[in-house]
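I'd like to ask you about the structure that follows.
First chain written, first letter: the chains are A, B, C, D and E, and each begins at residue 1.
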Amino acid sequence: MTDPVLSIRNLTIDYIGQTSDFHAVKNVSFDVGRGEFFGLAGESGCGKSTIAFAVSRLHRPPALIRKGSQILLEGRDVLQLDNKGLRDFRWREVAMVFQSAMNSLNPVLTIGDQFHDVLHAHAGMTRAQSRARAAELLALVDIPAHRLDAYPHQCSGGMRQRIVIAICLALNPKLLIMDEPTTALDVVVQHEILQRINVLRKELGFSVLFITHDLGLMVQVSDRIGIMLEGELVEVGEAQTIYNAPQHPYTRRLWAAMPRLHGARLRQEAEQ
Amino acid sequence: APVSAEAILSLNAEAATTWVRNFNPFAQTTSRYTTMDFIYEPLVVFNRLQGGAAHYRLAESYELADDLMSITFKLRDGLKWSDGAPFTADDVVFTFDYIKENPALDFISVWGDLTSVEKVDETSVRFNLNKPNSLIANTIVEMPIVPQHIWSEVADPVTFANESPVGSGPMTEITRFTPQVYEQCRNPHYWDNDSLFVDCIRMPQLADNQQLLGALNAGTVEWATSFVPDIDNSFVSTDPENHKYWFTPSSLVSFQLSFTAPDENNRKAFNDINFRRALSMLIDRQTIIDIAGYGYPVVNEDPSMLGELYKAFANPEVEAQFGQYGRFDFDAAIALLDEAGYVDANGDGLRDNPDGTPINIDINVPSGWTDWIDAVQIAMETLTEAGLKVSMSTPDSAVWGADLIAGNYSMTLNALASASNPYFPYRQTFNPEDFGKSRFAAPHWSDERLMDLLNTYTTIKDADQQKAIMDEIQLIVAEALPIIPVYNSPAFFEYNTKNFTGWFDADNPVASPVVSRVNRTRLLQLLALRPVE
Amino acid sequence: MDVLKKLWQNKKVLIGLAIVGTLVLMAIFAPLLTEYSPTRRVGRPHQPPSWDHIMGTTRLGHDVFTRFLYGARTSLMVGLGAGILITVIGTFLGILAGYKGGWIDEVINFFTNMVLVVPNLPLLLVLAAFIGQVNPWVIALILGFTSWAWGVRVTRAQTLSIRERDFVKSAEMLGEPAWRIMLFEIFPNLISIVGINFIGSVIFAVITEATLEFLGLGDPNTVSWGIMLYNAQNASALVVGAWWDLLAPCFGLAVLGLGLALINFAIDEMANPRLRTGTILGRWFGLVRAGEGKL
Amino acid sequence: MAFLLRRLMFYLAAFLVAATINFFLPRMMPGDPIDIMFSSAGSSLTLENLNALKLTFGFIDAPLGQQYLAYLRSVFTGDLGMSIKYFPMPVSELLGRSLIWTVSLVGIATVISFILGTLLGVMAAWKRGSRFDSAVSLLAIFATSIPAVVVALLVLFVFGYELRWFPNGYAADPLIDPAFSWQYIQSVLYHGTLPLVTLVFVLTGGFLVTMRNNMINLLGEDYIVMGRAKGLAERDVMLWYAARNALLPTVSNLAIALGTVLSGSLVVEVVFNYPGLGNTLYQAILARDYPVIQGQLLIMTGAMLVANFVVDLSYVLLDPRLKKA
Amino acid sequence: MTTLSDQPVLALQNVSKTFGSKENPIYAARDINFGLYPGRTLALVGESGSGKTTVARLLMREYIPDAGQLTFRGAPVQGASKASLRAYRSAVQMVFQDPFSSLNPTRTIHHHLSRPLHLHRPDLDRKGREAAIIDLLARVQLDPARVLHKFPHELSGGMRQRISIARALAVNPQVIVADEPTSMLDVSVRLGILNLLNDMKSELGLALLYITHDIATARFVAEDIMVMYAGQVVEWGDMDSVLTNPQHPYTRLLLAAVPDPDRRIDAAAPQNELARVEDIRAASARVQTEVQQIAPNHFIRKINL
């Protein structure tokens, strides 16, 4: 890849413990290209979210990004940013959708407020300006503007997730990180949302770092895929390649364990 | 608001968390303590420190009939109420008839001794008695005289708060009244205005002794009657020039046993003079005074219970014959107990009755009366050491009082107010008619001869005869030792000489200067004060 | 087992246990630690601390240290007694209301909220005054029967959430009797709440007993920290400068309270790992400072 | 609104139960309440005098049910009878006098300690594990575990007696007449300082710990992480995302905390001789002033109920999720 | 839906269950009809909130039907006595979705397995019980020595789910209701559990109700399928028939949305259902009583779009 938006180099992250540390991410390196839909898959606890958090530097103690790690966004090392730089960088360059739609909106602020605080903090918009912009953004995800005055609990789960996506797009970020954004939704809504993301990505040209444990979904939406196992990135490649010709035994095992909707119930490798 | 040129005296006579405007002189417990004397002046003030000498106030004299069956008070001429209306014999008659109609107002039960009250002339009133009584004047003057023209209009005198009193005393004008402070100022029509140099008295609200001490030290109270711990250190030392006190012996505090105690075995012991004497000798009075009383009380080792307070009446025979039983003497007490058979019968280490039944003394003290609780705890030490089984209970004071009245206790500490004549404490304590009615008669002990003597005492005018009777009474009491005197608690009196002089003290013992509401002579003190220019 | 090990690793718990343990030992071995009796005069009134009387003497000439030791007995026993009572009642009603639901819950919940709304101390004050001369055990009893509401509330809330967990459902589907479910399935999951409730109740009981006695509603025959406060206050210890008379019980109450509070805090941390800080964060800050990494 | 209505019903029922208990409490106790009532008059009144007084006061033995009805009627008309000790002052007036002091003392103390504790708790949680957090939470544990009596006595000892910086009694200088004057207000503030400081000390720790724990529990929530990810200033996230939400359980606990506050204020009022409800109750208990005790308990309960209702109201305002209901 | 000749062990007949208030009712189950047969698995699929768990609870008698009845071996189960309730409980068992919350974190594995034996196998003495426990663990392929005295949190999700299954098996049930038993598990361990369930079914002749939102796994374990929406079963029948020839628009919608690695999401295929999501949902939510037969064992509820 010639011009990656995000390049992660030797990323090592520990969770500091009482006596010994837990190595959640071990020396991981990969790139996400411009406009690319990059999927990061792996089982629960393998360190996917830990990587996602590191990119926006959202970790709190006891997480520790070890020295020697590099997170380059368009060549700039995110780990070298100071507080001010970090604040500007967040959301403007990298926006993030979290796992649970129910919980990623502040329950005591109206939807409008939650647009406003981003637009105000980064673009210095007034209430009226941010309202207009928010209405535009909501339109992108098919939500009427009057919802700006609603509180999160007054919207359905799918709607909330779309609102979050709209907020993510507020500043035209270069990278959108989605950490299991649809786990709490049913398949129909999930499909709808991913399709919309895909359309928007093509329209607006941002890259997506997509994290999930649903391999079928992953292959369906991603251009390239990284497979993680216990903190290590065991395999990276084109989605179809990894699906059709997995190299790593772990990847193979994963595919094997996945029941299919069509054809044989399991792929042949399954019969252990 | 008071002008600074006025002479204002700050005093404290009662502890309260808030002032309630009530100057009803008949409502003894609920009206302000400056109502008597200062608003309603007595006819006569009897001075206990001067052997009961009379200071004539509203009355210029009184005359006891020869048969002691009536007494006539002669009022001063030209007396006026504070609103300018004349004060006449009619007001006196009205007052006494009034309290007869409203027995709830008769807080001293004076009508128990009277048959009628009649106006002799504009300034004379005769009180007719139902039996001869040479001391009746002492009782009659305790009743405040109220103006007929006001009180005849009052619908319910019991609940009447008398917020703007019309009185006869020196300080009748309520110039200020807030929950935190009130002031009484000069009565413009006061008959003795020439002797009065204090323009106003101010009563700041103070809830307890600690606060009062703070106020005393700050100079915001100049005349007080309050217990002050370690007074030389905590009060005098802050301004030795002006901070002074003078404590005079007052009410008698004594251990009392119930002769009708509910526990039969206790009763046996209590009815035995030897046991009572031993008990008395086991009480370490001086330690109690020093520790529980901060050394303020005056020890009372007089088995006839008169002590220092009624020194003038003392019969020397008492000390000679029974003096040893009034003093702490541990060994003698042990010897007496052993000799009388109060030994350990059942081997539990505790003394029992001679017949082997157990004695179990529970000393009752009202809860919260800490100096008494301390005193009991100290007494318990020697009693326990002597092998007696003693414990302490601290019931609520109301329950305690009720038990004392009923004689339903085994041992207690009790107090007896001081009076101008020992006749009063003796009568209060030993009159069988009061058993079950008054806590002062808590021991339920009496003696026929004693009562005869007391009854004749008031029917006699002759001083020598009276003395002979009083002497005999003392011997009877001292021999029987029905109560165990411990000390006379002091009448507390703290004062400040910065703004006023003329205070009564040991060098100038004119009268008792205590500002408490039961001390009539506080009026004399007020009139003796002179502002420092 | 696991829990105890975790507790053991918590510094707060260790300090708390040390404090409370020391006090308990001092109380138990009071007769060995002092030659005096707590109810006999052994010196002149209000003597300042000296070798003979390391905490001075009271107004009556009792040895303050001796009274301090014996007072600890009372405070600890009342605290424990009331604490147990409060916890038992609170836990029982809480689980019952939370698990059974329905009208049982309605009734229990009503009374719980009701009791929570009535200010506790004033009520106790009135009760104590009406009963009159209450010894520490009576105080413990009144405390037990008036202070369970908080326990019921938290236990009930927790039970409500546990009741929804599938293991309770599965026990029900197996046909476990209700009492077994409450006692063996739900209760063990409430241990930390019960622990917090217990320690909290002990603190509350110790404080309240002392307060009631300080206000003069206790039995002056007892030797306890509250009575010591009351006596010191009555002897105007502050005014006459006998600070030791007042400070000794204050010290006892403060230290006991602190010890128990530390334990409580630690149980809280144990029950809720997010609250835990301590060594982990210490190491973390150390590594960051050493430049080993960043956030 | 259904929520508030239900709460209102509860408060009404609670008040009735409290009033009933209040009625039966003295009647369940040993001894004749009427005799005990007049015990303070005890020594200086004769028995005849006492009986006469009783009659005048209208203490006739009516059947319990009748007494109860009369009592309920008087409760709801605000007629709490007359004080025995401060005769003939109506209990309602007596309590009214002290109510002002308690309400302001407790109110201000609660507000200050709530704000202080909450802010400190928010900051401690935000910097969890830092030195600031350790120091502050340790101090909080310490402050909450010391009895209010002890704190009050120590404060009084140090600032009232030793340093003599502050008065050791009263709500205001008695020599200054109550008025809306600067002098009076100054005096009120001066006199209120020590009780206030004590109460604030006692209360702040509790609020701090609750807030800190609530906050820490919330910090892992997605919406807070999202707040940070949005690149908002730390302070804004801390206040508008974390604290604002963590406040909700704290506010609902505030109602319970008020009971503690009232208990604390009782002790503080007694120690500092502050003329509030607590002190009045205490004095009434010492004097066995029955009407005052009864009225007092009722008023305290009533005040708690009102306070609870206010808390409920503010909870509804704070939590948009409840508005719909 | 009596497609097979022999009698169902357990059946719901025209069962309905409504929650919520009169003004605002939530129809969690509407006129549900199905039977469970020994040695067969019925899969119940549908999106979140469609009423799947309600059906499970109705079977478990945690909810009492508002209408219709539950029959066990042909006899209605109603207001049963304590004894018959116990018999029912030992015949019907459930495996829960969340392997963590379905085990009591404060009790050992031993407790979880010995309690059902205590309650439903009074014939066993202590020794017998211990033996039975070992046997059960072996059945779910766990090493008794390693897990017996552990606490749930010391085991992995898959192991915990095996314990749940062992617990269900402990009472010798005839029916097992599994409510999304693998949705919380990692992909790699899911298959093990599914295989285990399949084995149980065939070895022990159990009737299995398998509830899931993941149609692919449903296909893996079940012979029959029911698709549920808004409390109604909209399409049911033979698994292959339904999957290959879905007739109800909602079923088609669901199938179209299922992630399929063989189909790129942007390959905007003839997914006309996905374009009409709202219409389909609204139409499917309407009450429909009329049933249409598609194949011998394949039915749908009629729908008007």
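Miscellaneous remarks
Operating definition for what follows: a residue touches a chain if its C-beta (ideal position, glycine included) is under 8 Å from a C-beta of that chain, and two chains touch if they have at least 3 such contacts.
Which chain is which protein? Per UniProt: A, E = Peptide/nickel transport system ATP-binding protein; C, D = Peptide/nickel transport system permease protein.
Note that the coordinates shown come from a computational prediction; the quantities given were computed from them, not determined experimentally.
Steps from chain A to chain E, minimised over paths through touching chains, total 1. Common neighbours of chain B and chain C under the contact definition above: D. Of all chains, the one whose Cα centroid sits at the greatest distance from that of chain E is B.
The mean-CA centres of chain A and chain C are about 49 angstrom from one another, to the nearest whole unit. For this pair, chain B with chain E, the centres built from the Cα atoms lie 92 Å apart. Within chain C, the positions touching two or more other chains are listed as 129, 216-217, 239, 280-281, 284-285. Among the residues of chain B, those in touch with two or more other chains are 210, 368, 396, 399. For chain A, residues touching at least two other chains, in rising order: 60-61.
Chain pairs recorded as touching, per the definition above, are A-C, A-D, A-E, B-C, B-D, C-D, C-E. Every residue of chain E that touches chain C in the complex is listed here, in rising order: 60, 62, 85-86, 89-90, 93-94, 96-98, 101-107, 115-116, 119-120, 151, 164, 167, 171. By the touch criterion stated above, chain C contacts chain E in their complex at residues 2, 165-167, 169-176, 184-185, 188-189, 191. If you check the complex, the residues on chain A that touch chain D are 53, 56, 58, 60-61, 86-92, 94-96, 98-100, 103-110, 117-118, 121-122, 151, 153-154, 164, 167. On the chain C side of its complex with chain A, the touching residues are 9, 279-281, 283-285, 287-288, 291-295. Every residue of chain B that touches chain D in the complex is listed here, in rising order: 1, 16-18, 20, 22, 27-30, 102-104, 106-107, 109, 156, 158-159, 161, 176, 178-181, 204-208, 210-211, 214, 220, 368, 396-399, 401-402, 437-439.
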